[in-house]
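Worksheet: the structure to be examined is printed underneath.
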Amino acid sequence: MDQITSLKQSGDVLFMMLGAVMIFAMHAGFAFLELGTVRKKNQVNALVKILSDWAVSTVVYFLVGFPIAYGISFLRPAAELMRLQGFDLVHFFFLLTFAACIPAIISGGIAERARFWPQVLAGGIFVGLAYPFFESLIWGRFSANESHQAICVQGWLSGIFGCGFHDYAGSVVVHSMGGWLALPAILILGPRLGRYGAGGKSYPIPISSIPFLSLGSWILAIGWFGFNVMSAQSLTGISGLVALNSLMAMVGGILVALIMTKADPGFVHNGALAGLIAICAGSDIMHPLGALVTGGVGAAIFVKGFTIEQEILKIDDVLGVWPLHGVTGTWGGIAAGIFGSRFFGGMGGVSFVSQLAGSLMAVVYALAVGGIVYFIINKTIGFRLSEEQEMRGADLAIHSIDAYPEESVHVGQV
Amino acid sequence: MKKIEAVIKPFKLDEVKDALNEIGIQGITVSEVKGFGRQKGHTELYRGAEYVVDFLPKVKLEIIVGDALVPQVIETVEKSAKTGRIGDGKIFVTEVLEVVRIRTGERGEAAI
Amino acid sequence: MKKIEAVIKPFKLDEVKDALNEIGIQGITVSEVKGFGRQKGHTELYRGAEYVVDFLPKVKLEIIVGDALVPQVIETVEKSAKTGRIGDGKIFVTEVLEVVRIRTGERGEAAI
Amino acid sequence: MKKIEAVIKPFKLDEVKDALNEIGIQGITVSEVKGFGRQKGHTELYRGAEYVVDFLPKVKLEIIVGDALVPQVIETVEKSAKTGRIGDGKIFVTEVLEVVRIRTGERGEAAI
Amino acid sequence: MDQITSLKQSGDVLFMMLGAVMIFAMHAGFAFLELGTVRKKNQVNALVKILSDWAVSTVVYFLVGFPIAYGISFLRPAAELMRLQGFDLVHFFFLLTFAACIPAIISGGIAERARFWPQVLAGGIFVGLAYPFFESLIWGRFSANESHQAICVQGWLSGIFGCGFHDYAGSVVVHSMGGWLALPAILILGPRLGRYGAGGKSYPIPISSIPFLSLGSWILAIGWFGFNVMSAQSLTGISGLVALNSLMAMVGGILVALIMTKADPGFVHNGALAGLIAICAGSDIMHPLGALVTGGVGAAIFVKGFTIEQEILKIDDVLGVWPLHGVTGTWGGIAAGIFGSRFFGGMGGVSFVSQLAGSLMAVVYALAVGGIVYFIINKTIGFRLSEEQEMRGADLAIHSIDAYPEESVHVGQV
Amino acid sequence: MDQITSLKQSGDVLFMMLGAVMIFAMHAGFAFLELGTVRKKNQVNALVKILSDWAVSTVVYFLVGFPIAYGISFLRPAAELMRLQGFDLVHFFFLLTFAACIPAIISGGIAERARFWPQVLAGGIFVGLAYPFFESLIWGRFSANESHQAICVQGWLSGIFGCGFHDYAGSVVVHSMGGWLALPAILILGPRLGRYGAGGKSYPIPISSIPFLSLGSWILAIGWFGFNVMSAQSLTGISGLVALNSLMAMVGGILVALIMTKADPGFVHNGALAGLIAICAGSDIMHPLGALVTGGVGAAIFVKGFTIEQEILKIDDVLGVWPLHGVTGTWGGIAAGIFGSRFFGGMGGVSFVSQLAGSLMAVVYALAVGGIVYFIINKTIGFRLSEEQEMRGADLAIHSIDAYPEESVHVGQV
């Protein structure tokens, strides 16, 4: 192999691997964001859930999900897997980190009252089956394959509207999917004990730790540059615009949340994330100022959406994952069709209608799949902790230990 | 004047406070304590090892009231703190010789 | 012997302690408590939702003294803890029947 | 009935609790307090600056018992909490007028 | 485009982007370093300040600062910004992370008593105007431009002393600038309530959390390798020496602080940072042992300087940013002129006098600009929290929430 | 120099530097893992120990260790060190991060009762002398050098069994070395006060913080991808298989710990690490499913081993570093000989007997060296804190400050 090919190939493997590791790190971000936002008695559970979901996701996506989405199986000798220095393997790793976001997103919505294993099970079903199928339509084996005309959604869309559905880094495929899958779960579970009183009066439940919430948010924001930039999926495909648009959208999200909420730390930190969620889809085609606006609108949607969800709809979505990942993700898909256009200084090559159609399709799909899976789980094995378990907290009830053992085991011991 | 101390289950605090408020009690001092009693503790498990937790989280209320109010306060705490399950806690009454309101220097019942 | 309990504003603790020291008080036991009283709590705001904080942080001092010292201790706490603003706190006095110093086994005033 | 309060060194708590258990005491309420007394505090050093720590961590036990048990409880706490070194703490005894068990409504010694 | 050019170009974009993300992460480090060093009642404010300063910095540096410093504007269609795969955009991102250090550094000095928006405003002025102008002289459009002779400081210096002012990664341009800008702010604000008693007696205010302080310091130290190594600003310019010298200086800083202070955790963790600040300027030209000494001296300056500042000058600089970033940064500029020389095993090509001149110029510039800006802010809109706000803490006073809501809202609730 | 060579060279420097920084970050992981697992009164000590060990390791490995292991000295002018853009320097940095794991591993075993400087001293001896010598045999100058036949262990093994001892990323050279060196230290120190009562009754000492423990574990797991993938030591040597196998082994470790222990957070988080430790040696040659099993068995060894160690052998190894790094590391060496074989879908080119021999050799070497060093330290300068110091905690006793100064200095101050 000549030197240039070797360099290019190695560069691609490194590129994917760096992206994968950055997004793997984001899962620590999910864990700490949830840990900080729940009460102390549910902190351990937040940590163990994220880690367990990750582990189960890896196995099911390796064995089932990735083959469904991309038609590639790894059940061959290691030597064969080393084709292109193992590019397929790191490619799998990279895409796994996306898939595994699904249970991590849901986790934040159903926190403090869901049982452990049913939650893991649902995550496994999504990552192994439901998500990869949708992925196959948008990014995977059915996205461009003329021989699968029957389900080639991208083909229909580009046939009718000139361009297919553009989702560079998963505003829709990943985030809105996760957020809308979470909604039925949250509704089926119902609110935490004491969250709403007689006549639906709202009793907000205070969160445990803003420093840990902030740590989670920072980890997510940092890793997000891997999420978006490495979505190029090859080194030579890298685009500085993607990096900058991610930055601008995040900043738009921070600023809007800051101003709308008088510097409320929960909104400001989540506003950064809302901006990043909104930009994924169009990060490669917008102008940086378009990205700023997209992120800002994303944060506005989250701030308003969260308040409506909690106070008017009375939905107890602990981290606000439905407005955050769900609605803002959908906005991201649509925004790509607006700010991606030449008119707004974007790169063009995108259709507003296709964006709208693709974004809504994901909503419908997620609601249907999530509804069915959680309905069955709830009816069969049961989804919610008993009242007593919930009162003791998931940490003691599930893991037999709480987050600060020294404090509860010993009194005042120096 | 009397001091009424009540050791109760933590999650009952808001209920008890509201009930006391309704009967006109305007001052309460609260502290986090740990209780050891008939209510069994539990064991926690960490890396295969068992920790015995004998001391359970409780909340202690201290309420200073004039003698006349004592029965009513006791009754109110009793009712609002009761779950009927072991560990509901105790109420203790002691004599208070003098009360001073620091802000005004008032003494006795006026200071409560 | 008497037990003097004082619930005061936390930031006043050092001042009160120093004042007590000056009049020769050598032992104080202090705990963090939360107080509910005429002083209004405040609301906090998080993600658009309001939390009402009724219980405000206070510090409770317990001082055991011989009967003779009681007036002086009360006066000292009153003066040093006073800001003149609502929520300054209270002083309560109760009777103590016996005191023991664990280290020496001394009893009564000698043990204070 | 009496309330026996003991301020002890924190690491002695388990020993004291076990000793009280052995003589049949079934209820204790414990809180974390800070003590100021003959035992000197220490200084901590951070970035070249000295912090004086006057208030040392202590644990306060409160035990309500019938009059008959008082001497035995005092003796037990004394023995089990003693290290012989300064700062071992104090025991205070006060009168309790009434006790109520919230769960059952029992009163007096039956409620202890 | 041929394969090699494409690889090189992509490599450069990746290189800049990795650097930018590593330094973006450092801002989380600033946040946690401050959070751990202030009292609990000011932790939320530390977090929100850093995030807000970052957001405002991005916008003003994008619109004003970067054009001032480098003469490049991004107000063109996205397609044009994609020249060289968007290298200019990631280059901007990278340099933004430097610029945004200015308010982050200052933040630590003025903590626990400054008002929120005036603080943000000052940061915006520095990042949008004051810093980019200085940057333009040392690194930017006026640094080598013969057509701007009037203000070409680098030209004068190299004309007279043989070499211009060498500041590889910003000991002076970034750190000393931030530290010396902070000094007037700190002086104008005055000490926190209770910091100094009658007759100037010092009452040190205890910090809230060494674990979080340490977390902040670690994040900073890790990201610093991006700060220094990626200052090459192109992949093929990478220098292993820069990486190693950064390491050695950090280690020198740790060791000196460890020994001088009997393992004081505040000094040891900040000693590492002092070492890293001192090495930025000369990291590309010193011998590793020279770097070790440079870092060690940096830590010694910080340890002694902090004590003098606090106990003798009675300046209440909460994180010690003036001795840390300011004085140690100045030392770094000078040290490059010493240990960069061939005599000390360095690469040479550096003039001691130019280093001294450039370093002092930054001090004068920062003091003047900082003095004017903060004086005006203080006189007009006011810079300091009211006494009551300060006593309640910035968290409740500004953000209406404290760092651990569960603890303050509920008592003992399980 | 032509463009390709320049790109390749720069790529190698970047590759090594990224690996080095990722593993440097792991040391923060060691610090927080220990901080969370000890009692509050020993948290500061955990932080300062790791930082100090790192600093001392850097200096001794630079001056002595690296020259011993690889025969390269850096006591030459900077210009000469810049050969290949300073590759040797970043290569040193990378290998230092491995070497410095030795004291970091040991630290967790001897926590809460060891004196500070003796601990640092022992670390310095290992990193300066003992570790580099072993390293030289397996990876370094004596590993392939026919002219050093007398000590060319790799030569003997490959002569007799067809293949030398294969340890791609240090299951044995780093982890088992650290874990087995720790064992004599732990035994010589004896258990913490109160850990075992009369008749050996076990009184487990509760840990302070699962969130911080988890943070440490996450940081370690993330950095581990640098540890393993960058062990290629050149960009073009990168292997996607190494990345994936690391992932699979970690996941195997999580799942086994999860199921064996009913979701015990301590075991689940350490199970991830056990998986990663087990895979280092064979990460380049196993099939991903082989890696899954290797990691799973690693976690099983840790879970069982830890319980046996603590409850039956009554060894008070605070973080369980002997079963975790020691025994599981040894298993990793052996596992490479099993799952690396073609029979299990691996790449082959590995000998079971050589693996066994190399793994056991490390055990014997570490026990001998550790025994001698700690015995002498204990007899001469003393290794253990006084009883009173231990009771006060290492933070106050050694560093004169505790982890949360505000809490202990002020009572209830708002």
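First chain written, first letter: the chains are A, B, C, D, E and F, and each begins at residue 1.
Here is the rule we use: a residue touches a chain if its C-beta (ideal position, glycine included) is under 8 Å from a C-beta of that chain, and two chains touch if they have at least 3 such contacts.
None of the values given here were measured: they were computed from a predicted structure.
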| item | value |
| --- | --- |
| Chain groups still in contact once subunit D is set aside, others held in place | one piece |
| Chain pair repeating B-F, as identified from D-E, A-D or C-E when over half of the contact pairs by residue number coincide | D-E |
| Distance between the centres, which are taken as Cα means, of subunit B and subunit A, whole angstrom | 46 |
| Geometric centre distance via CA averages, subunit F-subunit C, whole Å | 52 |
| Centre distance in Å when subunit C and subunit D are each reduced to the mean of their C-alpha atoms | 18 |
| Touching two or more other chains - residues of subunit E | 4, 7, 11, 18, 206-207, 215, 262, 264-266, 391, 400-402, 405, 408-409, 411, 414 |
| Residues of subunit C engaged with two or more neighbouring chains | 11, 30-32, 34, 45-46, 51, 55, 57-58, 94-95 |
| Contact graph of the chains (line, ring, star, complete, other) | complete |
| Subunit E contact footprint on subunit F (complex, rising order) | 3-4, 6-7, 10-11, 13-14, 16-18, 20-21, 24-25, 28, 31-32, 35, 43-44, 47-48, 51-52, 54-56, 58-59, 62, 74-79, 81-82, 84-93, 96, 116, 212, 215, 398-406, 408-410, 414 |
| Of all residues in subunit D, those that touch subunit E in their complex | 45-51 |
| Partner subunit A, residues of subunit B touching it in the complex | 11, 34, 42-46, 51-53, 55, 57 |
| Parts of subunit E lying in touch with subunit F, wherever the complex brings them together | 4, 7-8, 11, 15, 18, 22, 39-41, 206-211, 214-215, 218-219, 221-222, 225-226, 229, 235-244, 247-248, 250-251, 254-255, 258, 262-266, 268-269, 272, 285-290, 292, 342, 345-348, 391-393 |
| Contact set on subunit C toward subunit D in their complex | 3, 17, 26-31, 64, 94-103, 105, 111-112 |
